[in-house]
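The same subunit A turns up in both complexes below, where it pairs with subunit B and then with subunit C.
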Partner chain A sequence: MLELRDITAGYDPAAPVVRHATLSLAPGESVGLLGPSGCGKSTLARVAALLHRPDTGTVTLDGSPVRGWRHRAPRAQRTAVGVVFQQPRLSADPRLRLTELITEPLRATHRRDEIPRRLAELAPAVGLTPDLLDRRPHEVSDGQLQRACLARALVLRPRWLVCDEMTAMLDASTTAALVAAVEDYRAATGAGLLAVGHDHVLLQRWCERTLHWNDVTRTRDPAPL
Partner chain B sequence: MTDREAVLSVRGLSVRFLMPGGRRIAAVTDAHFDVAAGECLALIGESGCGKSVLASALLGLLPANARTAGEARLGDLDLLAAGERTLARTVRGRLVGLIPQSPAAHLTPVRTVCSHLRETVAALTGTRGRAALRAAAEAAAARAAFPADHLDRHPHRLSGGLAQRAATALALVGDAPLLLADEPTTGLDRDLVDPTVDELRRHVDTGRRSLLVITHDLAAARRIADRVAVMYAGRIVELTDARTFFGTPGPRHPYSRGLLEALPDRAFAPLPGMPPELGSLPRGCAFAPRCDRATDACTALPRLADGVACHHPHLPEGLRA
Partner chain C sequence: MTCDPATTAEPAWRSHGTERRSTRAVRVRVCVVLVAATVLAVLLVPPLVRLDQQAVDLSSRLLPPSRSHPFGTDDLGRDLLLRCVYGLRVSLLVGVAAALTATVIGTAVGATAGALGGWADRGLMRVVDTFSSVPHLLMGIFIVAMFRPGVWPVIVSVALTHWLSTARIVRAEVLSLRARPYIDAAVSGGASRWRVTVRHLLPAVLPQAALAAVLMVPHAMWHESALSFLGLGLPTHLASLGNLIQAARGSLLAGQWWPTLFPGLLIIVPTLAVAGLAGAWRERINPRRRSELML
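Let's look at the complex of A and B:
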């Protein structure tokens, strides 16, 4: 289970972006979270991915409570969640070739020996050809870079995937290809998925269950704006 | 085709990028199209197919290593031959309004939205005076449905949707006869796409303006466009009426059909493979390697005839088969 209970989070304690949000994912379940832009859904996704410490509330990952966030999270928890962000340009180090970008998590966790095997599996799975893998981010399109970012999220075989507006910048065909790659991975590993977005047509087609932002935060929200 | 006079008339537009080592990248090849007053043409295609380069060419915003050919007439002016002085003083903002891609990156990060609007209003309309400028900026913001209480915010404090509306407000200030919208709905909420698109459409429906929308958002294109041009690997492969394209009988080029079938409310099936590199295009039809209808004939380049550039187009009457 990935459980977020009564999460209040934001960047200014006086004015939290997310108030009292509760959300839980069963193992292997895919949940789409819909909400208008600026509502705080990306912040909640960052909390779910252990990238943002909430002001109050608890996150429970596969039974154990999360106490540390970002680099302070224990490795076992940190590597259980894979994240794909909205803007591949902002989430890819411009100095790294796509090969290095994809395999960086393996290097960071001292699993270099797995690099050739994982690369050989992942590149075709996300549709990257060998000539693209040798390039740096400025030499590929947004869609190609997002494919690499997805491969990077999958490289440690996470049990949970958080996709924050993964396809908002992409065309219809690349969107369909990336969603197919995520679903292939989930079918093979049984990973759970939290897909955050604003495109209800896409999320309803993609996910088993879709929640609206109001459903997630409605409980105990004291001050509706 | 409409009988109205074309505001923008593009003939044989090509853009090449000269790269180190003598490589040439064919970003746009031999584009022909017109946009009439009161009409909206949507240019659609996968990312990296040359759509945005085409828009930059029309505004003279290409980098120095780009070479253009052909012509793009806006009234009596050839946009491709015009000098930087003409472009800066009479074209940008005044004759062509640009709604840029990723507006958050186009707004100056150290200035507020109101400051952007005030400067643009002052430069394009000659409004003077603190109160008058503020009022004009507020009116401009309101035209693009930008909330007045966010005017004093800096770009980093805007959500993607609000940044988009700020950019739209800026583009509308000069009342230009041609609006160029580069991915106006990317990053916007689905619920916001329709109002944004309708707003753009409203500026066209006055009958004086024309709109060239560059987008990969097919739902937005469907809502706004009168005609659709599909680009693949730098070439326009299909140019047709929007109603036939999105409705029945549907598009005729196999690529256009594949794009539509990738939509989540249709088959949700990706096109196989990826678009070719613009630096090393295959001989003949660039789509042939990904096309299930390809034959030996596809090694020859198909000409755009009857609105479609394909050797084996889907026939309007044979679509049911």
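Let's look at the complex of A and C:
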């Protein structure tokens, strides 16, 4: 389970962006979260990915409560959630080649020996050709870069995926390819998915369950689940 | 259809831009030549010209510039050209060593403060503020006074008073980078704080830090000269530009201008050349400035 209970979060404690949000995902479930721009869904996604400490509320990941965020979260907990962000340009280190970008998590977790095998599996899965892998972010298109960012999110085989407006910047065919890559990964591993976006047609076709932002934040005092 | 020459001519704003660019290119070339000449002189003259810069010749005291002594001689009859080249060598050594040390300290402190944030950031920045609140020269004098005169105390003194601006620049840069999603992605990919800093943050601030180091070289040279001029820097027998000017003070009042002028010029010209090169480099690595210049 990935459970977010009564989360209040933001960047200024006096004016939180997210107020009393509750959301839970069953293992292997795919949930789409719809909401207008600026409502706080990206912040909630960052909380779910353990990248932003909420002001109040609890997050439970696979049965164990989350006590630390970002670097303070144990590595095993942090890497259990893979994240893909909206803007590939900002989520890729401009100095790294795509190969390094994709395999950086393996290096950071001291699993260099897995690099060739994972790269050989992931590059075709997300649709990256070997000549693209050798380029740097400024030498590829947004769509190609987002494919690499998805591969990076999948490289550690996370049990959960958080896709924060993953396809908002992309054309229809790249969107379809990336969604297919995510679904193939989920079919193979049984990972859960939290897809955040404002394209309700896409999310309703992609996810088993779609929630509107109001459904998530309406319950101020949620009943015990 | 023929092309009207009037319409194909460069528009005024563009030719203005090219003119600015070409004057900049000339400026850069002049700076390169001056810096190269300085470096070659200090590297080649001492081993090639086997003359003793300390050779005293009391019969030729305070001679004005002539064919045999292009910069004249000082009050002990020593050749000033040779003394100036040796002095420049010491000043340059002190300047480069101090600038490098200061940049390493500043980058380490700034990156640590920026990467850790929170109380570590506040604490380190208060240390920086404390150091900045004391006048540089005063603190430099204090540090030099704790050691015996020599080259190393001067380097330490200049380095310990000049790392503050680099620390501030690097910290600001790291703080702005730290909020980028690619750092989030690295954290989510299991990277430790150390790895995020070394792999993602430091490479991004390195051009800024290198530029700060180059800009600091002239500043450090001036600082060394100031300390030596006050009699606190290098021992007087060791020719440095500050020492030379200090020794020449008396003769300037007596109307002998050359022992002051030439070392003074050798402080001003290379430092301006290095600063000019660093300025051109800054324009290059700052994309906004470059795109403005292209207009």
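The definition used in the following text is that the second predicted complex is superposed on the first by the 220 of 225 C-alpha atoms of A that agree within 3 Å, B and C clash if a C-alpha of one lies under 4 Å from a C-alpha of the other, contacts with A are read in each partner's own complex, and residues count from 1 in each chain.
Note that contacts are C-beta pairs under 8 Å (C-beta built on N, C-alpha and C of every residue); 3 or more make two chains touch, one makes a residue touch a chain.
Not measured: the values here are computed from a predicted model.
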Partners on subunit A (subunit B, subunit C) - clash or fit: fit
Subunit B versus subunit C as contact partner of A:T79, first or second or both or neither: second
First, second, both or neither for A:D55, with subunit B first and subunit C second: neither
Partner chain in contact with A:T174 - subunit B first, subunit C second, else both or neither: first
Touched partner set for A:A92, first subunit B, second subunit C, both or neither: second
Partner chain(s) touched by A:D184 [first = subunit B, second = subunit C, both, neither]: neither
Superposed arrangement, angle subtended at the Cα centre of subunit A by subunit B and subunit C, nearest 10 degrees: 80
Which of subunit B and subunit C A:D199 touches, first, second, both or neither: first
Minimal inter-chain CA distance - subunit C and subunit B, angstrom: 6
Intersection of subunit A interface sets (partners subunit B, subunit C): none
Sites on subunit A touched by subunit B in the complex: 36-38, 86, 127, 129, 141-144, 165, 168-177, 179-180, 198-202, 204-206
Subunit C contact footprint on subunit A (complex, rising order): 46, 49-51, 70-71, 75, 78-79, 81-83, 85, 87, 90-93, 95, 104-105, 108-109, 149, 152-153, 155-156
Subunit A partner contacts - residues on subunit C that touch it in the complex: 180-182, 184-193, 195, 199-200, 203-204
Interfacial residue positions of subunit B with respect to subunit A in the complex: 45-48, 159-162, 186-192, 216, 218-219, 258-260, 262-265, 268-271, 273-274
